[in-house]
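So that you can tell them apart, the chains are marked A, B, C and D in the order they are listed, and the count of residues begins at 1 in each.
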């Protein structure tokens, strides 16, 4: 159940993600940001509701659309933005940019620019947790498109056979790049694939914080009980194009508008909090202000940060002890 | 339905496979055959019942345990045995041996020594058949172990989305090498995985010719109707070790004995034919004699065939026109 | 002769070959409405339909394997990999299946399959979207390997690739798509495999380069000319088959050899060329050949870092000075 | 010092390291009751249980990826590939994930992962079970590469691999498993990476070889001695890091270099060694170095054909004669 403290945390996290993504968008249009940038705007409820139930000892793996997961798993906006701008002060020293961002110290095993690439890695992290008899879980985020990669199949089968404490979270945002799910995927609900692995599968409204929260709570409990993985499908939608340069010729603007207006996860959550009388409007407004300020500082920090020194470009290929 | 002609064909084919495999075993123990040899003995009903419904225009892909499929798809025993012995007269000029045997002219797109390697290839052959508007199907044989490879997932999803005329036939012989299915596979019936692809899945007794025949007939009809793939799981058992050198420490000899004695697909088929009064005992005995003679000649042919000429070892890397 | 871009040249040849031969079709991720990330199939679905310009799921092993199967069954597929880095995702289907099928089955299979895609640096795509992997395809036998550096070569080599009855891996470079050049209008225009081209004649040093590095080598040659060093620039165009003869002949003349590519230097194809040509023309070599390629670290996101990993024009100039002892 | 086989040496070190450090575990296909196809983990499940000697499904991408994830999360996994040919099945997890994780994440990940398996010819395993693929692992940066040629090296290098905090790809050769040799009993015995060993001293020609070809090079050296040619045989033992210094020093002495391996010759690691050492010792070279490796065709099943594809002892002898002009 979401209590006041969690509610505030989730709200703040969603706000941070939203501010971060929309700022990244602006910076991109201003040519201050480059490379392949995939924005998470519209999907905030998933990362926030799930990561609100994780500690630094729990792991996640993330995707090319990874800023949201990264922030929800505890990353600071300034270091994250610096990374997107390729600065020396970024989480990965300017080497990863948007597509491979990670704060390893917070249990984020990384964004992954290979679609489906993170699933085996998450599975292995959960294997370690189980072998170490730790009371922690790993969450594996991936998209609808990734659910058609071989690694999806191999990983979930392995985790099921070994009863690993891993939760596979598919964010079905209706498209893999420009391809609609119906053109790429042989089931209506990706959670139906759970049946092929003898594990529970559940489809929830990914824009409904509470629905995601509850489904994940069940899955986490199961994982900690030692009963193995769960597949959760969160149906959602990305507001922006697939990447910052996407002409979006493959989908209807009206549909996108409708998602923005009627199904904004942040507005929906505010309404829900109000209905439950859990957090005051004033408190939420205070969050808005604080996050805006945090973001402003992050931009300042990232813009004024130095470029990495090319003399160190060969560092860190290997750990030298 | 199996008529007299088909019944005789199936019986003869099973007999050919059995003779071929047991001869290969003997030759191996006599050091006349080498390399990785995986025998099909005990699984004959699957290949024979299915291939009895195929023409040379229909394709199959096969596996490391591929002699049965190859023979059922029309290969001659002599050229096949010559290939196993690495002779110049073998189907593949002595280059493939047991693990990559194929008679391309008969629509056999080849054994495949990579577990799961054949699934995408079969899918592509079916795509060609569909694009060419041919009234033919592709059959993809693979094992229980292969059902945990990523290619299984990618291929079946693709075939389902594209409604390709391909039938995926999983021969579940209880083990992937030395690993029991329960230790590697997260579902009891591999056919349950069909649900993850929105296609029919069926599990049948793989030692019962009629059961396999009927299930395949349904699947083929569906494929030709343009409704897409089917996943058929044939539960069966290999009599011999995984490969010719297998110490078989991982399974009970008694269980193997029971399969041999009570569930021999050839005996079962004979009993069934008798019960139905479809083919006379005399006719079947005549087949036995003829196959034994064919095998004897094949051994003679293979043994007396020349070794390939090393001067041509670089031929055929590319087609020269 | 129209002046068109490298991307347009590719699109043009795909369209022409699809018109000419109905067995030819294109499949890959986002090839339909998007027309590929770089527009190499833009709007082609309008002419050819979605049956022949076929969007796939994100399943590279199935894409390549289906290409192989369809080729064995009489089609002439073009399978597109969005980035050549994803060849690792489907490496078994390429190296164990496509490369070996014809040979192991005794020469009975005919496999007219083109696998094409783009690779390389220049767009800040970082470690898993910026690699140059062509050397591996030369190491594992069984596929031909083409690397066009100009719009005309893209057109001419791609036509040869599509008409070849063997599997061809076709490496485009993402930074070249927008470059323009003259391309013959003739829908039969093709360039045979295995014929290197001398991009610039010279007498003092031979530079061998492919893809993006052809233009960088030419830039270096301009620089070198200022210092009185006359560089000959050779573009092999295909790595399998490789035209060692043209390089050998050049080295017999110049006595000096520099090979440069964007692929990693260690075990890159340049070492092979140096070894083979070194053997053929040893007595003519006045200096140890130099091999330039990407440093042994992943490609970083930051543009300056990325450039620090791959050879610069200055690196090429310096190498030519070094082999010339001046 | 006990005389044990190469397979036993590997098994011994796995067991010792698992006893010493409970974070070490082994996973792979058929490693439990079968103990691996070549017995390298025979009966170990009896001591360590099936939690730490862990049978996997036939899912190589999951095996390697799970190794990476577990290593990032504090374990020290040994992931076994039954044949190195299957690296292509999981190439993305190796080359795009294992190789790049530490670097792209800014050096924050520590990845003590060993991926090991066997490769090579000799058992009639044909095209997809007989390849030697180590050159590719040297081309793509991010993993260390070890290639033991003797039981002692197998033991010493494997211990270093397991204790290394970086990913190591460990290439065993199937034909070496039954070879025997002295292996120190000391459970701390290890061999540092990056140190080549001179297997035989000589003054006329330098032969560099790895894995099975170390013994073939030594056979060739015996032959050559009969003809009065004194061959020095160097085994690099690890390809990443590579000890160019030892080879360079030898070539400065002999003036002649032959590199031989079972991996395909074209773009094989021998070309890299020739290029690098050629550059360092050019003035000392009396002849063009020769590079021997497998021909550019898949490995055939038939034993005589297989042998025709890979270099023979005679090929090595002939190459040494050629570089010696006698």
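Simple rule for what comes next: contacts are C-beta pairs under 8 Å (C-beta built on N, C-alpha and C of every residue); 3 or more make two chains touch, one makes a residue touch a chain.
Being a predicted model, the structure only gives us computed values, none of them experimental.
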Intersection of contact partners for chain A and chain D: B, C
Distance-maximising chain from chain D - centres being C-alpha averages: A
Centre-to-centre distance between chain C and chain A (centres being mean Cα positions), rounded to whole Å: 36
Centre distance in Å when chain B and chain C are each reduced to the mean of their C-alpha atoms: 40
Whole-Å gap separating chain A and chain B, where each centre is the average of the chain's CA atoms: 45
Multi-partner residues of chain B (at least 2 other chains): 95-96, 100, 114, 117, 148-151, 154, 157-158, 161, 183-185, 317
Contacts with two or more other chains, residues of chain D listed in rising order: 56-57, 59, 61, 85-86, 89, 92, 96, 100, 103-104, 126-128, 141-142, 295-298, 300
Arrangement of touching chains [line / ring / star / complete / other]: complete
Residues on chain C engaged by chain B in the complex (per definition of touch): 25, 51-52, 56-57, 59, 61-62, 64-75, 77, 92-93, 96-97, 100-111, 141-142, 144, 165-166
Interface residues, chain D side, partner chain C - complex: 85-89, 91-92, 94-96, 99-100, 103-104, 126-128, 131, 135-136, 138-142, 263-264, 266-272, 274-276, 278-280, 282, 287-291, 295-298, 300
Contact footprint of chain B on chain A as seen in their complex: 148-154, 156-158, 160-161, 183-188, 192-193, 195-199
For the chain A and chain D complex, residues of the former touching the latter: 59, 61, 90-93, 95-96, 100, 102, 104-105, 109-110, 112, 114, 117, 119-129, 131-132, 138, 150-151, 154-155, 157-158, 161, 315-319, 321
Chain A - residues contacting chain C, complex: 34-36, 86-87, 94-100, 113-117, 145-146, 148-150, 176-179, 183-185, 247, 249-250, 307-308, 310, 313-314, 317
